[in-house]
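Each of the next two complexes has chain A plus one more chain, namely chain B in the first and chain C in the second.
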Partner chain A sequence: MPFMRRRTREALAGWIFISPALVTQVLFIYFPLGWSFFVSFFRWNLIRPMRYIGFDNYTSMFTSSDFWHSLSVTFVYVAVTVPVSIFIGLLLALLVNLPWLKGKGAFRTFFYVPVITSMAAAAVIWAWIFESNVGLLNYFLSWFGIKSINWLSDPNYALVAMMIIGIWKRIGYNMVLFLAGLQVIPRTYYEAADIDGATPFKKFLSITWPLLSPTTLFVTVMQFIASFRVFVSVSVMTRGGPAQSTQVITFYLYENAFAYLKFGYAAAISVFMFVLMIIFTLIQFRFSKKRVHYL
Partner chain B sequence: MRKIPSLWIRVPLYIVIITIMLLVNLPFIWMLVTAFKHESEVFSLPPRFYPDFFDFRNFAGAMEQIPMGRYLFNSLFVALSVTLLQLVFNSFAAYGLSRLRFKGRDLIFLILVGTLMVPPEVTLVPLYIIVKNLGMIDSYRVLIIPFMSSAFGIFLLRQFFLGIPRELEEAAIIDGAGRVKIFFTIILPLSKPALWTMSLFTFIAHWNEYMWPLVSVSDPKYQMIQVGISQFVSGWETRWTYRMAASALTVVPIIIFFFFVQKQFVEGISVSGIKE
Partner chain C sequence: MKKAVTTVVLLLCAMMIFAAPVKVIVWYAQTGVYSQTLLELIDEFNKLNEGKIVVEGVYSGSYEDTMQKLVASMVAGNLPHIAQIEQSRIGQFLDGDAFQNLDEFINKDPEFKATLSDFFPRFISANTFFGKLYGFPLNTSTPLMYINRDVFRAAGLDPDNPPRTWMEVYQASKVIKTLGDDFYGYRLGDDDWILESYAWQFGGDIVSEDGMTVLLDSPGTVDAWKFFQKGLQEGVFVYSRTNGNAMDLSGKIGMVCRSTGSLAYLKENAKFDLGATFMPYQIKKATPIGGANIYMFKNKPQNEKQAAWEFMKFVTATPNTKKWALATGYMASRISAYESPEIQELFSKDPRAEVTYLQLQESAFRRPYIGPYREIFNIMLSSWQTIMTDMNADVEAVLKSATEKAQKVLNEY
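After this line comes the complex of A and B, so read on.
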């Protein structure tokens, strides 16, 4: 192409290189996202033609007790799993990071196994552990005199069961991020503290915890978003039940779309979730720009 | 020099760490134990951690009840196809975004990476409607085509490409090499670690995928393993031994694979902080 200027050629090459990815991302993410907004203004069951109903889907969503119920179930789930999984993840990271510990790599790998296995298989396995008559968990609890619990069929416990799996699945991920955060803290701080005769607990409070705060914030936001999206364990084990006690927002969305064929209404729920996610992400951006250390 | 604490501190801490490690992996151990048990042993109390004899019939039983082989093949095929396509699409895009200057490049970057903020649940309903209208329901295409590129992969590769010194390409440009040649002979060979990390993430994420095949596939011919084994639970008459055997077939290959690649995998997480 001798007639083209060098910059034009470079621009052309650039567009050719990015276009396959751009086309797929636009077609399979941005276009559906736009569709979500569009469909949320219609009543549509895929069989009869779409009917424009304005904001009706949104008003019925915000006045639906089922919607608020599923939102509150989700927030209870998030409010427990996020702090607990962060606490255990940090504890594991501190243990595995002990300087004299041998076999660090092996421990790290084994703690990470639940993260890479699929939630669907994990849910099948945990359903067996939660089994009320001969399940492993009730057997362990019987050592402490606790009577057998119907983990998956008692409305008081089903969500707790979901939380246990959620926490179990995520602690390894949190541990790895905290381990990375711990490597960044300069050793000289600890050496100075040693000279001052600080106890390990004091060192944790005044060095490790404050300097880990950027990692902690990042882990918190990641876990918040991930927990909020809980779906697979519910879909495999309880299907929202018993008595809607595990009806999380994603499962509510799924049911409205694929069980009740209320596609317009489900799209409105999607839009609502999207707005929440954007808010979470913006909070993360805002905080991560500041230096959290010295707050 | 830091002093090493006495045995009285080290031994209890080792015990604590090993106990937690065993507890975390207990579900997998219990799965394997149950998978080899005879049906009559399953309901013995207290639970036994070793089967009387290793019974391989549960695997055959599970395979009889659901087409496990087919599901496993489908998952392998889909996850590999997605990974290969993403290697091409993502690295192309990452190269364009990191090395070629053109108007609107930064905007394109934002557009491509911005999809990280769109969780799949949000696009689930409309994507389903689109693929249904395209007649793609119940096919391999529906499981592969929507995932040919990913924001995560593009971002990871772009960051890596930016770290490759430009001097390496300048010599080739003086020699008259074109963009495509530079990409294939200089950039890609230098980026093997990043390409490998991206492939691992992509493969495992799609092997584990549950939600999309659940809604887009109902024909067992195309169903993936995660949905396949979960359907085992809803059939109440199914035996636990079969379920655990099926779970073992799903989980054990991935765990073994992970043991071989865990170093790159875990380091990839620490660097990018992103999981699929």
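After this line comes the complex of A and C, so read on.
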């Protein structure tokens, strides 16, 4: 295209190159994002026409005990699964990084398998494991004299069951990221520490942990967002019950939208979640500025 | 000349359009033998109406998925002509005036109108809203009480004289409990229509007839829930949320209420002498009509609706509802089918299959269907789960707060 100026030509080529990604992003992310913001000011069940109601959805959301309940259930879930999955992920990463360990590849693969397993399929299998009479978990616990637990029927345990699945699903992901983090730490630091006679624990505390901090920050943010959005396991296994004990915010949103057909209200919840995520991510970045050491 | 050619071409096009068979889309929400039977009926219909009407059956997922797809397709403007929708999920469609009033077709069709009284009247009244008929029964059922006759005999109870009232269920359960610690008289679960029945059978209710007042804290409902909680406290009942099938087949459960549609499954898998009887009552004999009906959507061209109407008539005609009932175990919707030799023969072979029909004629009611019912039911369900898992929970207080919460939902709807 000789009639175009070089700059224009380059710009055009650039736009063409990003267009597949841009179009899908705009169509499936940014447009729905804006649309749900818009819908949150309406009353709409998709059957009758939309009706503008201002901030009513937001006020009824903030005055709904169910909303606060599901938010607190979600926070409990996040507060447990994020640290535990990071801790176990880091532990596994350190283990499969041991120089003398045989079959590292196999271990790494095994631990990573849950990450790529479809959650819907895994949840069905976990439902069997958690089954109270013939389930594997209760059988295993019976070796230690623990009486059979109604994992999915008891309001005190159902959320614990969801946490176990969440952690199981995510440790592989954390492990791989930590592994990558561990491998970029230069060996020279450890060699120097060896000369100084540092113990392995001391080396971990003074070299590994600080230098892993960018990875830790990334993993924390990712896990926080993922945990906050827990949905499939709840939807497949408990449907928010028993007695709302596993009613996480995403499931609350889903039910309002697709079971009760309150799309405006559900949109308001999603806007709230969106804002909350942004705030938390900003806090995490701000908080970690002082504590993250880049190489 | 040119003009003439154009006219001819246009005419030909028009003829082709009008000559093309009318296409009718039917969404169905079941799989296995149910969809197979329905698809066979569709094939038969298409053969009979070759060149005129083509019905296409499309699987739309579970009852809940079907709802979601229906509302989405409503926005997108490509609804099916007919859909199979579960009893308690139709409220918002009714309120949104989405269904076709079938009386418009019935009144123009005297031949069919004459056969309307052949439907079981309870099915027609269950599909009549504001005095208009909106749907036809397709897969309908009522819950039965299944009993383990072996357990009854072992406990010294008479399996041919099973409990008729809930008090008798409780007394029999106490006797069954003496068989061992892991034996239970009655199994409780989470099923919506069974929970509705409990309330009705103790003289209580869930929502008032006019759909304006939540009645979860009515004395009957409170009594029912207290009754079941007491049975649980004493260990003569058992509550299972997720593994009902395994428990029912374990041979340690004396009685359980499940759909008549479970009969085939239980017969095949139970390793004990299985009995089936009427669902118990206490104050009032009341059983819900469960399953789904077929509805036509209003917002379609008249000729397509006419074709859809032909299909609705076909599916509910005596030979076809009979075929459906024999193949699936659901109820035939017409009395003539019920009285047919084939179905009567089935009853003489297995009297358990007839219980649901007797129950239908005696005590079957329409389930709650109002627009916000799914949300109200979920409030009720979560309270039920509290009662079932917390033996110290105060039924009255739980139901009172559930009523307040549900009433708020109702008011805001």
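We adopt the following convention: the second predicted complex is superposed on the first by the 258 of 295 C-alpha atoms of A that agree within 3 Å, B and C clash if a C-alpha of one lies under 4 Å from a C-alpha of the other, contacts with A are read in each partner's own complex, and residues count from 1 in each chain.
As a working rule, a contact is a pair of C-beta atoms (placed from the backbone, for glycine too) under 8 Å apart; a residue touches a chain by one contact, two chains touch by 3 or more.
Just so it is clear, the structure is predicted and the values come from calculations on it, not from any experiment.
Peer 1: Just chain B (first), just chain C (second), both, or neither: which does A:Phe28 touch?
Peer 2: Touch partner of A:Phe28: chain B, not chain C.
Peer 1: Using the touch criterion from the header, give the chain among chain B and chain C with more contacted residues in chain A.
Peer 2: Greater contact footprint in residues on chain A: B.
Peer 1: Is A:Ser36 in contact with chain B, with chain C, with both, or with neither (first, second, both, neither)?
Peer 2: It touches chain B, and chain C stays clear.
Peer 1: Tell me the contact category for A:Phe231 with respect to chain B and chain C: first, second, both or neither.
Peer 2: Touch partner of A:Phe231: chain B, not chain C.
Peer 1: Thinking of the overlay built on chain A, is A:Val134 touched by chain B (first), by chain C (second), by both, or by neither?
Peer 2: Both partners.
Peer 1: Classify the contacts of A:Ile116 with the two partner chains as first (chain B alone), second (chain C alone), both, or neither.
Peer 2: Only chain B is touched by A:Ile116; chain C is not.
Peer 1: On the A-aligned overlay, A:Val124 touches which partner chain: chain B = first, chain C = second, or both, or neither?
Peer 2: The first partner, chain B, only.
Peer 1: Look at A:Asn97 in the shared chain and tell me whether it touches chain B only, chain C only, both, or neither; answer first, second, both or neither.
Peer 2: In the superposed model, A:Asn97 contacts neither chain B nor chain C.
Peer 1: First (chain B), second (chain C), both or neither: which does A:Phe258 touch?
Peer 2: both
Peer 1: Using the superposition on chain A described above, determine whether A:Asp154 touches chain B (first), chain C (second), both, or neither.
Peer 2: Once the two structures are laid over each other on A, A:Asp154 reaches chain C alone.
Peer 1: Based on the A-chain superposition described above, do chain B and chain C contact any of the same residues on chain A, and if so which?
Peer 2: 46, 127, 131, 133-134, 258
Peer 1: If we count contacts the way the header does, which residues on chain C are in touch with chain A in the complex?
Peer 2: It comes out as residues 64, 67-68, 71-72, 74-75, 92-93, 95-96, 98, 190, 239-243, 246-247, 371-372, 374-375, 378, 381-383, 385-386, 388-390, 405, 412.
Peer 1: What does chain A use to touch chain C in their complex?
Peer 2: 45-48, 60, 65-66, 127, 131-134, 152-155, 240-244, 255, 258-261
Peer 1: Please name which positions on chain B make contact with chain A in the complex.
Peer 2: On the chain B side, the touching residues are 2, 4-5, 10, 13-14, 16-17, 20-21, 24-28, 30-31, 34, 42-47, 88-90, 92-93, 95-97, 100-103, 105, 108, 111-112, 115, 117-119, 121-130, 132, 145-149, 151, 154, 179-180, 183, 204, 207-208, 210-211, 214-215, 226-227, 229-230, 232-233, 240, 243-244, 246-247, 250-251, 254-255, 258-259, 262-263, 265-266, 269-271, 273, 275.
Peer 1: Quick check on the complex: what are the chain A residues that touch chain B?
Peer 2: 7, 10-11, 13-18, 20-22, 24-26, 28-33, 35-36, 39, 46, 92, 95-96, 98-101, 105, 107-129, 131, 133-134, 136, 139, 168, 171-173, 176-177, 179-180, 194, 218, 222, 225, 229, 231-232, 235-237, 250, 253-254, 257-258, 263, 266-267, 270-271, 273-274, 277-278, 281
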